[in-house]
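Listed next: structures, encoded as structure tokens.
Each of the two complexes below includes subunit A, the first together with subunit B, the second together with subunit C.
Coming up: the complex of A and B.
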């Protein structure tokens, strides 16, 4: 098989990452869309899952250069793969249970701050506890299951297929669970905690369950991510991840699972495409007739010439997405305005 | 680890507490009248620090002395705060707290990345000399700059106290914070009060950023966003929306962070701030200082 090149490689890569972010967004949607929990620390569950998968499958430290980690269980592929993903899911859920147990009782705004800060503390732990995580150098030999047998190209396609199936499975599972009485209970708690309490529901427990379910989905996404990229580094797990997932959820429409997936695909396609801006620029410059060759530099010349310009503008646009969706289309592309109202969007400030 | 270490930790805690106090008061003032937690607040710190560097470093043609640069930066960022509020928050101010909160996340992304796209991610620092710490009474050591930071913070606290208690603006702010519709009924132009509060809030944030930059150079465009956790901790500890509580909370957090890094591990300063916060939230969610301001 020919090497995947050009557009094909790009599309396969974006599609795989979009599936992983789709999983993350589905998880966040359980928290916010269905239960009204403001989780601003989603990246922590993603990181917990990724690190769990890495620690279970990394080769022992003695065989890796620059290793300061002390445990690598070296589970053999391919059978270690499902074990690793299961562990990632459980660890994501366990961290959610831990964070939820301390913070879930807090009011919306306090919960937003508590989750945001706990995720910050968790990332400090990942950076500092090098015996476990190899610090900021990262764990860079996470096995890609089946790559040796399939070869790099077919493996890319196979992993995309696996990611798509995972996304579909989690999507169906979430739809099923949230269609059941449990889903109505979550929405009941979202709309009126007092009413749910009146009916004898333990609302704290309900919220905690929702938090753990979303955390498990994010942990699973972390496992899928670790085995796709093949390395797990602290710099990958920054607050931007949390808010990119938020942007995807808001764009697609909070409380809509289809919206969550569509939002993730759109946001990730956009983020990955911005890599090509310089390529497109060069191409335009090369194709323009000579008479117009001064045009592009005249337009874009005054822009700062530093390597972080385009990556930064990407996040400026993600920020604008927050602002514009909230202001002009709170239900996103596929959401239901009634659901947004139930989230307390239009309650009025007085 | 004797008395000496202990006293030095107290002093360091008070110094950092002074910086946090300025930041926390600014955040809590804006919460008082807008009723949402502004996640874009950290960017005011960042912009304050960067603008001071640029003004002092002659980027705009003149290089001002550091104190003048700091004052100009504080005022400019205050105006930026008003502009941000009018552009992003006022149009949706009748929609409740949640849309405002989510919008503030977007605004923080916009501001931080515009700056980063412009100046890059390289670390910057203020043009300040390295100073030797002077001995005071044989008990603890401070540099003149650290003394200056404490003095600037105390002056800011006093100014805000006088402003709230002795001026018409302070009265209007307190009235708007207590009950906005009642204040409106009483003939207070609440929109204008809110804008003035935004100015004060952003200016205090910028000043906190400058003080932070004086103590902890060098810094990058993420500096304010990263310090937000510490400021949140102080603000919530003091009971959000309460300036005096925020001041008290700030010194508790400053001390906790410095005791933690002296006696436990210097890698987890944010975690100490945060653990205290979680403890307080669970035991006494309204913060350590109840009552209106």
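Coming up: the complex of A and C.
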């Protein structure tokens, strides 16, 4: 019996992805919102987590077609699941430590360039180290824990519940840690590294810690994602992911954890629902009285009859949204304008 | 280098009780020698003024003391321990508190947060502190907030406690920066032009605060241009010129030193 059909299945799917992006945005918010670190390589931590989860739980290569990977630890479910997520978290953090150790001393946009480039390098490593990652084929038999027992529909709902709980748990954890003097320490470093140093704070270490924490959260999100989709392919982990997360964070409001979650939900809902623009268009065209049938094409012009037109336009629209938020509501929906007034500015420019 | 002789002759009060001892510090940027063999002492519990014409090397010397620059040669001692070449963070942890010519206020944080940030040894500053030692963190934070309240009251900034740093005037920012340094509870306070750009009524206020701090045993070294202020409020004056210390001693002695008059004070007359 199919519990989820049509719209319901769609909504559950979008909600689960929104939770995963909510996690990613919480991670980036630690970096940028709290510490002012311009991380343009967030997708790398996400990918690292997803691949860690996949490698730990994939069945042995001999049982998979097109396998060029040589290690699949095949951790048994369900107990392999928490282990896999913990490993994803640690690997995300470890990659952040590695990238951070080499580039965290860079200021502002220099860090943005370095992280963007290193994320690109990491992506190339994933494509080329096929013995570990199965190359561009990807790892397509990542187990979905509990699916066999629950059946596909109920599993969808259960996994949504799990994703929601994960998001809530991470949200509470992050709030707890950042509402303490540690959050104040991050913010001070964000506001003026020079002043923070003169007040006896080790700013490099502080930035590295922030980087690792955000990387761990993104790695965890990668683990949740891998077991949800059931396959991990390099083509999923493109810079577009980083910028979608940025759009979500800025829309919701930097330095606000609630804003990060709200922004992620809005951006994902928006991105996913624009899939239906052609459907809505066709439906309107069909329902309008004959006399008005020329109206829509006159306003919008005939949509190019190309299946990839609308999906490509979504990127343009997300980009536009990004620009509009930054221009007209820099503090986002839930951000504090006084707090982020000078965020991202170079030190000393008043 | 003439610094040695002149310092010795004009310096009548240097004793063994020097908290900070700067000795023959040299700092060059490429071919430009900004500090060229500066030497002076800051006595414990004194207010010392560092004066000199623009470009004399005062701020660079401050930067050498606080670890922003590593000096080419020479030594900086705090309580007899060499601190030259340490990083700014390490120097601060040794007990040197410092403000900037242009205040580096945390603009996106409230005045209260600005001050609380500067408290040292906070368990809650460790990422896992709030999770694993929440009791300790809470009680420490209570203590920090009490000290913040005291500092706010002392600087008469209490009415601004919950305002953001960006909302403060230039003078208030200088006060706030002084407050942040006080929260560190340093052994010596270095102030880079603490009253420059501050309106006159607030200037008097600030200077009174400095004297009050000094009465409570704080050691203060500050850079200042206004001769009246220096002569009125300092126990000792150090005069810099062309990167070297020309003279140091009690204000009235230094004021009458011929070389000082020629190099610096003469320009004002």
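Just so we're on the same page, the second predicted complex is superposed on the first by the 323 of 350 C-alpha atoms of A that agree within 3 Å, B and C clash if a C-alpha of one lies under 4 Å from a C-alpha of the other, contacts with A are read in each partner's own complex, and residues count from 1 in each chain.
Operating definition for what follows: a residue touches a chain if its C-beta (ideal position, glycine included) is under 8 Å from a C-beta of that chain, and two chains touch if they have at least 3 such contacts.
This one's a predicted model, so the numbers in the text were calculated from it and none came from an experiment.
Peer 1: A:203 in the overlay: touching subunit B, subunit C, both, or neither? Say first, second, both or neither.
Peer 2: second
Peer 1: Once the shared chain is lined up, is A:191 touching subunit B (first), subunit C (second), both, or neither of them?
Peer 2: Touch partner of A:191: subunit C, not subunit B.
Peer 1: With both complexes superposed on chain A, which partner does A:169 reach: first (subunit B), second (subunit C), both or neither?
Peer 2: neither
Peer 1: Considering only touches as defined above, state whether A:339 meets subunit B (first), subunit C (second), both or neither.
Peer 2: The answer is second: A:339 touches subunit C but not subunit B.
Peer 1: Between subunit B and subunit C, pick out the one touching the greater number of residues of subunit A.
Peer 2: B
Peer 1: Tell me which partner A:161 touches in the superposition: subunit B (first), subunit C (second), both or neither.
Peer 2: In the superposition, A:161 touches no partner, neither subunit B nor subunit C.
Peer 1: Both subunit B and subunit C touch subunit A; at which residues?
Peer 2: 343, 347-348, 350
Peer 1: Please output the residues of subunit A touching subunit B within their complex, sorted ascending.
Peer 2: Residues in contact with subunit B: 38, 40, 102-103, 105-110, 112-114, 116-118, 120-121, 124-125, 127-128, 239, 243, 246, 250, 304, 306-310, 312-316, 318-323, 326-327, 330, 343-350.
Peer 1: Quick one: in the complex, what on subunit A touches subunit C?
Peer 2: 173, 176-177, 179-182, 184-185, 187-188, 190-192, 194-203, 209, 213, 255, 338-343, 347-348, 350
Peer 1: Under the stated contact criterion, what part of subunit C meets subunit A in this complex?
Peer 2: 66, 87-89, 92-93, 97-98, 100, 102, 104-109, 113-114, 116-118, 120, 122-131, 137, 140-141, 144, 164-167, 177, 180-181, 184
Peer 1: Would you tell me which residues of subunit B are touching subunit A in their complex?
Peer 2: 35-37, 39, 88, 91-99, 101-103, 105-110, 112-114, 116-121, 180-181, 225-226, 228-229, 232-233, 236, 240, 265, 267-268, 270-271, 274, 277-278, 281-282, 285
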